[in-house]
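Input: one structure, supplied below.
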Amino acid sequence: MSFDWNLVLEILPALLSAFLVTVQASLLGMAVALLLGLVWALLRRSGNRLVAWSATWTIEFIRSTPLLVQVYFLFYVLPSFGLSWSPLVTGVIALGLHYSAYTAEVYRTGIDNLPKGQWEAAMALNLGRFDTYRSVVLPQAIPPMIPALGNYLVAIFKETPVLAAITVNELLQTAKLIGADSFRYLEPLTVVGILFLIASLLSARLVEKLEARFVPTE
Amino acid sequence: MFTGGLIHFHLLVLRLAPRTGGRSFGLQTEVFFFLRAFGSTHPGLEPAVTATRRVLCTGLKQLFYGVFMPPPFDLLPALLSGVVVTVQLTLGAAVVAFVAAFIAGLGRFSRSRLQRSLAKIYVDIFRGTSALVQLFWVYFGLPLLGISLDAMAAGILVLGLNVGAYGSEVVRGAIKSVPREQVEAAVALNLSERQTLWYIVLPQAVLFMIPPFGNLLIELLKGTALVSLITLSELTFRGQMLRTAMFRSGEIFGVILLLYFLLSLMITFGMRRLERRLAIGQDYGGVE
Amino acid sequence: MSQQSRRKLEVDPILRMRRVRKSYGDLLVLDDLDLEVAPSERIALIGPSGSGKSTILRILMTLERVDSGEIQIEGESVWTYLHKGAQVPANEQHLRKIRRKVGMIFQQFNLFPHMNVLRNLTEAPVRVLGLSSEEARGRALELLELIGLTDKIDAYPAQLSGGQKQRVAIARALAMRPRIMLFDEVTSALDPELVGEVLNVLRRLARDSNITMLIVTHHMRFAQDIADRVVFLEAGRIVEEGLPEVMFSRPSHPRTREFLESVLEQ
């Protein structure tokens, strides 16, 4: 059997619009992960031992279990709580939840790496907790985190195919449908693979640039 | 006699009755002995006895677990075979990943331009594309090029090569972390390049590799769930099957998440113990 | 070469460096260096940091290449060899042949941390020289007696003090029976009270063996005791060389005088 190039041309439009869905899901998922991760990170720094401990173990639990199962869990369980969202929304939330465990870790190391003297100076100036974070901690801690966060955006992008399991029409799902329709899986899957490869190589280059810009070299 | 047997049976269930003959039989076997004894003393009831035996055969375990293990843990036996397949898949892929990581990782240091490029291409391709897409491509796409793999083989191959690509970066980084002075000392003792790599650099590098390898092993474990989508009957697949039979989705997937969590904790502890064993004698600050 | 040392070289030098040049990028480290060493000679290399002393040792140990110039060990060229009638650049095989004659002790000891003392001492003899493990062990035990650390045979480097580590490093190099031993500031990383035990091993080695020794050191008293010739290096060139008595009491060159004054103050 050989490679059918004509089929490739035929299906390209469908795949490109699926690509948009993939990008959409990735960006939204990342947004959720960034927000939620910050919440976890702050909870972990809580004075209350129980809260901090629970946050730590929740993060560990989310990080150590498969995204696919978490997606299934949310997809099948949420409706029984009266929340019936579209597969895309559910998928985005699952992605965001899963990767919030990783972004929380990035936040944590970023904040921990801030020299203790900065905290002490802020205290000496009588800055409250909120202002300390806003004016002193986050502005210094965040730039070095950006390359690491960029890497996770790429990781989210590569994991969006998992959402095909709950019928979100992203790249893999579309390829599957094309394959089922035309009985030829090779071409759509190869094109999808190459699309991911290109996007991934480009973004790796981008993250390198980010690293050069944001991470101070010693 | 029947009543006596029934009481005996209940006592067996409660694990209070003494086991016959000093050997420990499974609960099922005990009941079968009872039924056979009963059947032979009450020949007219043979068909009933056979029917009872068949019902008990399938339902007995469920009954036992149902009495002693509250939901949702009553789901465990149905999921257990899935756990076995998951573990098999993880171990198989781990072997592939380990080998691939070393070949590609060492390949990046090769004198030959060709070997270096091949290693880099392998790493870029497998890291740059989605594991699930790779899985589908191998399972659905390859047959059209003439190569057909079953789900387990495809899973082991794809997951192994995928994680192996990340692993090769770990190998590369660990080898670079071994202080250059160690290589100089080896040169001063006139060890050959191969001897220096094998006996001096790698043993030290391996120690650095263990924590990141532990993380990759957990990623591998998580990846096995994806193979359910090409119909391998591992843990997640069984979860889906049970869901369609039972509609207790929350409990099912909750228990499954716990099982994965337990497996990954086992991996983490295993790796820590490995690290401690390999660091014997050395002043190694890596173990927490 | 100065008059004082010329007298020594009535035999073929075991080591010959001719017009050696080496740069690290823009930095010229060795500047047309000429040096000849007689068999069993003990040379102390002194000079300010950055003068190129360590570089000389590293080049002799084939850890670094030269930009130009000739280096010969026991009459054999190090960086080229005769192949089908022509001199071609040395390959790994040739370098390994040369390396057999040279051993080096490093400032940072560089013991193999994943091996105990016995294995550190026997690994190379077994793998490179082809000794059986019994032979290698026998050799290791002799050397451990020489350095006074027989009881540490099963210890790991992490359990040894700096002075003990360096002594083991010396034994490890000696196990390969080199003709030339290079000592690169071997006491600089040690606490002062541990320096003596290492210098004593060097003294014993100088007294009891025929090994040619090139020692880069800051310890002038030690250099005076042990050296047959002292070579003062600055900015990649030999400024002055001669007998220790002469060099330390009445050096000819003003730079030598300045350097010795600044060092002996400490």
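Order of writing sets the chain letters: A, B and C. Residues in each chain are counted from 1.
Note that a residue touches a chain if its C-beta (ideal position, glycine included) is under 8 Å from a C-beta of that chain, and two chains touch if they have at least 3 such contacts.
These figures come from a predicted structure and were not determined experimentally.
Novice: If you average all the Cα positions, which chain's own average lands nearest?
Specialist: Chain closest to the assembly's C-alpha mean: B.
Novice: Considering only mean CA positions as chain centres, point out the chain farthest from chain B.
Specialist: C
Novice: Please work out the Cα centroid separation of chain A and chain C, and write it as a whole number of Å.
Specialist: 56
Novice: Please report how many Å separate the Cα centroid of chain A from that of chain B, as a whole number.
Specialist: A distance of 26 Å separates the two centres.
Novice: List the residues on chain B that touch chain A in their complex, please.
Specialist: 124-125, 127-134, 136-137, 140-142, 144-146, 218, 221-226, 228-229, 236, 239-240, 243, 249-250, 253-254, 256-257, 260-261, 264-265
Novice: Please give the residue numbers of chain A that touch chain B in the complex, ascending.
Specialist: Where chain A meets chain B, its residues are 1, 61, 64-70, 72-73, 76-77, 80, 158-162, 164-165, 171-172, 175-176, 179, 184-186, 189-190, 192-193, 196-197, 200-201, 204.
Novice: Considering the complex alone, what residue numbers of chain C touch chain B?
Specialist: Within the complex, chain C touches chain B at residues 61-63, 92, 96, 99-100, 102-104, 106, 108, 110-114, 116, 123-124, 127-128, 156, 158-159, 172-173, 176.
Novice: Note which residues of chain B are touching chain C in the complex, please.
Specialist: 181-182, 184-185, 187-193, 195, 199-200, 203-204, 207, 281-283
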